[in-house]
Amino acid sequence: MAKKSAKDNIIRERVVKAPKVKVSSDARFAVLKKVSVVSVVLILAICLVFNLLIYLILDKPLTFDTTSVKSNTISEYSKNLLKSLDKKVDIIGLVDENDSIEWKEYFMPLLEDYVAKGDGKVSVRYVDPDTNPFILSELDPDNVYKFEKGQFVFVCEDMKVALNPYSCFSYDQSVYAIYGVQLPVVNNVEMNITGLISYVTSNNPLHAYFLQGHNESESHVYLDTIMQSIGIVTSDLKLSGDSAKIPDDCELLLILQPMFDISVMERELIQTYLDNGGKLVIVNDFGDNQQVDYSNLNMITERMGVTLEQGILHEGDSSYLVNSGDPYTSIAVPSSEYAEYIRIPDRFSVEKIRYMSVFTDKSSDVYVSPLLNTSSLTSVDFLQKEIAGTATTGMYPVVLQCVDTSKAKNSCMIIFGTQDFTSDAYYGVKSLNDNNAKFVRACLGDICQIDVSVSVPAKTIPSFSLTRPISSSSVTFWSIVVMAVIPIGTLAAGIYTYRKRRHL
Amino acid sequence: MFAVFKREFLSYFRTPVGWVAICLMSVISGYYFSNMLASSYVNIAMEIAYLRTFFVILIPIITMRLFAEEKKNGTIVLLYTMPFSIKEAVIGKFLAAMALQAIMLISVFSHIIITVVCSGIINSATWGAIFGYLALAALFISIGMLTSAMTENQIMSAVVCFVVILFIIMLSQIADSVSSIIQAILKVTGLYGLKESSIYSAGNAVRNALNWLDPYEKTACYTSGVFKIVPIVFCLSFAAVFMYITYRVLEKKRWSQS
Amino acid sequence: MIEVSNLVKFYGDKKAVSGISFTVNQGEILGFLGPNGAGKTTTMNIITGFLSATSGRITINGYDVLEQPEMAKKNIGYLPEQPPLFLDMTVYEYLEYVSELKKVPKDIRKKQITDVMKMVHIGNVSGRLIHNLSKGYRQRVGIAQTLIGNPEVIILDEPTVGLDPNQVIEMRKLICDLSKTHTIIFSSHILSEVQAICDRVIIINNGKIVADAPTMELSARVEGSVHYSLTLESSFNAVQMPLRAVPGVRSVTLMQEKDGLIQVDLMADGDLDVRKSVFFALARINVPILEYRSLAPSLEDIFTSITSPRK
């Protein structure tokens, strides 16, 4: 140790000199503060700018659709449609983009994909009419479309059409029956959007009219979707009053399940329409309407060689039954010639099929061909027992196509003896991926001469329902595990360690 | 850095904090899961999205002590006087909190196993949701760490952190109100003589800007099976910024005058 | 070696340290003496890098604390007044953590911890929770912490505060032992403690160095004015003159008078031992001494005596 010698006993006293510059906060402090504050602000700004750039440039390329059915990616069909577009489509969501809405996750990413692959031809924006009320008058100055909040509006030049997001799904009816919750199981969003894009951009869209005024099925949302997807525009039509007429642009007239007969005037209008080469679709099963006398309607169908009888088809082949013991819900199969032509080898589930008799002595200008048939063991149950026996066991038609070639223009009619190809009730359960949807699409495409060979598939929504039903006892067991055993176990382990350590 | 990580991480389990956090998390998630199980409809991604709401409680619990306690006990001196940078301490503590957050997901993993056992569906959305969850957790932990570094008082730190996270979670609602307030003010005062439509677009611009900053909504997309890189980058880069600010706040002690 | 030059630290407008400069050589034990609030802790905090100075420069073994903090800090072990202990860790865990922080190589970590624990006599509590240790043990764990990494310089801030007398003695002994291998700076506000341990003392007051001298010299200087308290059975007038006449006595002051007893404060030069002469002087006038007590100098006395011009 460096000890000082004892002789050196001078105490070194230090007179502290005051710093030359007397300041309370000196330069170094100021510099440090400046460096600190500036660096924080700078880094924050850099981070913001960096993120903004990343967001603008890389957000879309770095978005991946991990769903198994690619529900956020558009299909080849839609891509090809976008490629062939020669007009711009503007899609306006009349919603607040930031609200949490059930359907959001199925729409927004998909629409982004349309924009990304649309090569500038598709634009999407969201305008909330609550905060931006001008949008409604801007889109619809004459208030003819009556757009409302929650819809998507597709605009291309003068063509405008609205889409209700909720109609783009099929819901699980069994869940609805039990829990009262609409659980979507199939997602037809792309089908709808692509259909509407092709509709608003088509130069001459085909118009189809649904006859109203006879308690027909009021809603035909799914059928609309199917028709829109092949480029057919639908509207409702009432033929009452003196000036009533079928519009000139009517490419197809549909009569869905009228609950009472049409009037004489309607009959005449439809007759004239058919004589001028019109196309008619009639849907009439044998359910709640079994007592109805369809004389006027029959006068139309009879000109095409078919009568709607008051009887229901009774399936006798048990292998054709959907539910054993219910002879009125069965399988229909394409007739041999039709299967060849339309290439739909599938089986279709149908119920309450009305017996339709085909004239044997019809005019030679009229061709009637069954599209779908029952098995050859089918009989007819008549409403009035006394006429039983007029029809024997055999094969009966479920869907008929009739063509009248006697006039200058051929007229054409398709009769469905069941509602299961057109009704919302059916598709609400089975979804638009069902075979029946494919069939009705093909049929309508055929009658309107539209190519329907490719289409957008409906996408199943991953069902998070357990595939095997779980018993209530195992629910209780697992609930106890996750809510009691695990937390209490953790807590016990914690208390144990804590106590053990505390006494160390 | 590893030393600090190790100490902080083990410290969660030496004190009741870590155990309580895991227990709390497993009770909350367990409640949601058993409800799903009872309805035979099990979507783990939704459970994770739901759990994100509880960041508002869980993050303050696990971050409040990180620096506040050391400041109070004087042990922070070690971090300043040891031959290493305080940055390493910040990173170490951040990683420790992240590790605890990941361990808290154990209850979710147990639910995934139960779901598989009960023949439920685990899909890409589930894993995506976990990613989004952790990215958001990183951001919130860095915020909690900053509030902890700013005070000696743990409760104070927790309260501030709670308020900030609540603010972020409610940002989209706040954005709505802010934009309508701006619109109302512009309308009533007639300032700048703007047209009504431009008033609306002004309000909307403000709202969009605020919404763009919302990490909570940004990370919601994973639940629907959309995997985006950008929100993760957003969360992690801002986490890094908050860690840097934490470092600067701690560094301030050296030169500040008070 | 520590070199401190012109250290200034402001807290707001208040100057805590104003222009301190000193050098500590290798192997020295330096006592840092000063009343509370004199700036001891601030100075130590600055040396260890916990605070940074407003101005001034500090080098430790040639490394500037500001410019090369990691190298500089490697050479320092610091025990602040409040030992930086994690109460939720055991002694061993704690020391292990510190050695990880100090980047002690993994292979010698364990051995070093064991050695350090042996050195400060805490081997018997290595597995116990710091929370459950007595104040004396905690202080020793604090010192053990400074020794990890084998730094050359150990800085202890008031290491004996709050310890009971036995523990204080042990602590002093420990510091003496450490001084054989380390350079030590330690602060105290108790003069005798510094005298007992240090080679050299720096006295600071109000942020300034008042004195910087080897302990022996300082002792002499302090003893330059010694106070005694005498209780006599007499009157003040009777004893005043005879006492003043004793060589070396500088002043005589009456402190108290009660029941025919007086208490007198007697200040004398430290160079001469006046006790014997005082006894005989009083004996000559037949004044019995009932109590004869030498007063330890207060820090204030030291400051006044040091700063007063030398006789």
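Chains here go by letter, A, B and C, matching the order in which they are written, and residues are numbered from 1 within each.
In the analysis below, a contact is a pair of C-beta atoms (placed from the backbone, for glycine too) under 8 Å apart; a residue touches a chain by one contact, two chains touch by 3 or more.
Model, not experiment: these values are computed from the prediction.
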* Structure fact -> Output for shared partners of subunit B and subunit C reads A
* Which chain is the middle one, judged by CA centres? -> B
* To do: Going by the contact definition up top, give me the pair of chains with the most C-beta pairs touching.
  => A-B
* To do: Could you please state the distance in Å, as a whole number, between where the Cα atoms of subunit B are centred and where those of subunit C are centred?
  => 49
* Approximately how many whole Å separate the CA-defined centres of subunit A and subunit C? -> 85
* Structure fact -> Cα centre of subunit A to Cα centre of subunit B, whole Å, reads 37
* Asked: Do you know which subunit B residues sit against two or more other chains?
  -> 14-15, 254-255, 257
* Among the residues of subunit A, pick out those that touch two or more other chains and give their numbers. => 25, 28-29, 32, 501
* Asked: On subunit C, where are the residues touching two or more other chains?
  -> 10, 12, 52, 88
* **Residue ranges of subunit C in contact with subunit B within the complex** => 10-12, 48-52, 69-71, 73-74, 76, 78, 80, 82-89, 97-98, 100-103, 145, 149
* To do: Over in the complex, which subunit A residues touch subunit C? Could you list them?
  => 1-4, 6, 8-14, 16-19, 24-26, 28-29, 32, 501-504
* Structure fact -> In their shared complex, subunit B is touched by residues of subunit A numbered 25, 28-29, 32-33, 36, 39-40, 43-44, 47, 50-52, 54-55, 58-59, 62-68, 71-72, 96, 98, 105-106, 109, 131-132, 134, 175, 179, 183, 462-470, 472, 474-475, 478-479, 481-483, 486-488, 490-491, 493-495, 497-498, 501
* Structure fact -> In the complex, the residues of subunit B that touch subunit A are 13-16, 18-20, 22-24, 26-27, 29-31, 33-34, 37-43, 107, 110-111, 114, 118-121, 123-125, 128, 172, 175-176, 179-180, 183, 196-197, 200, 203-204, 207, 211-212, 217, 221, 223-230, 233-234, 237-238, 240-241, 244-245, 248, 251-252, 254-255, 257
* subunit B residues touching subunit C - in the complex, by the definition given at the top -> 2-4, 6-7, 11, 14-15, 73-85, 253-255, 257-258
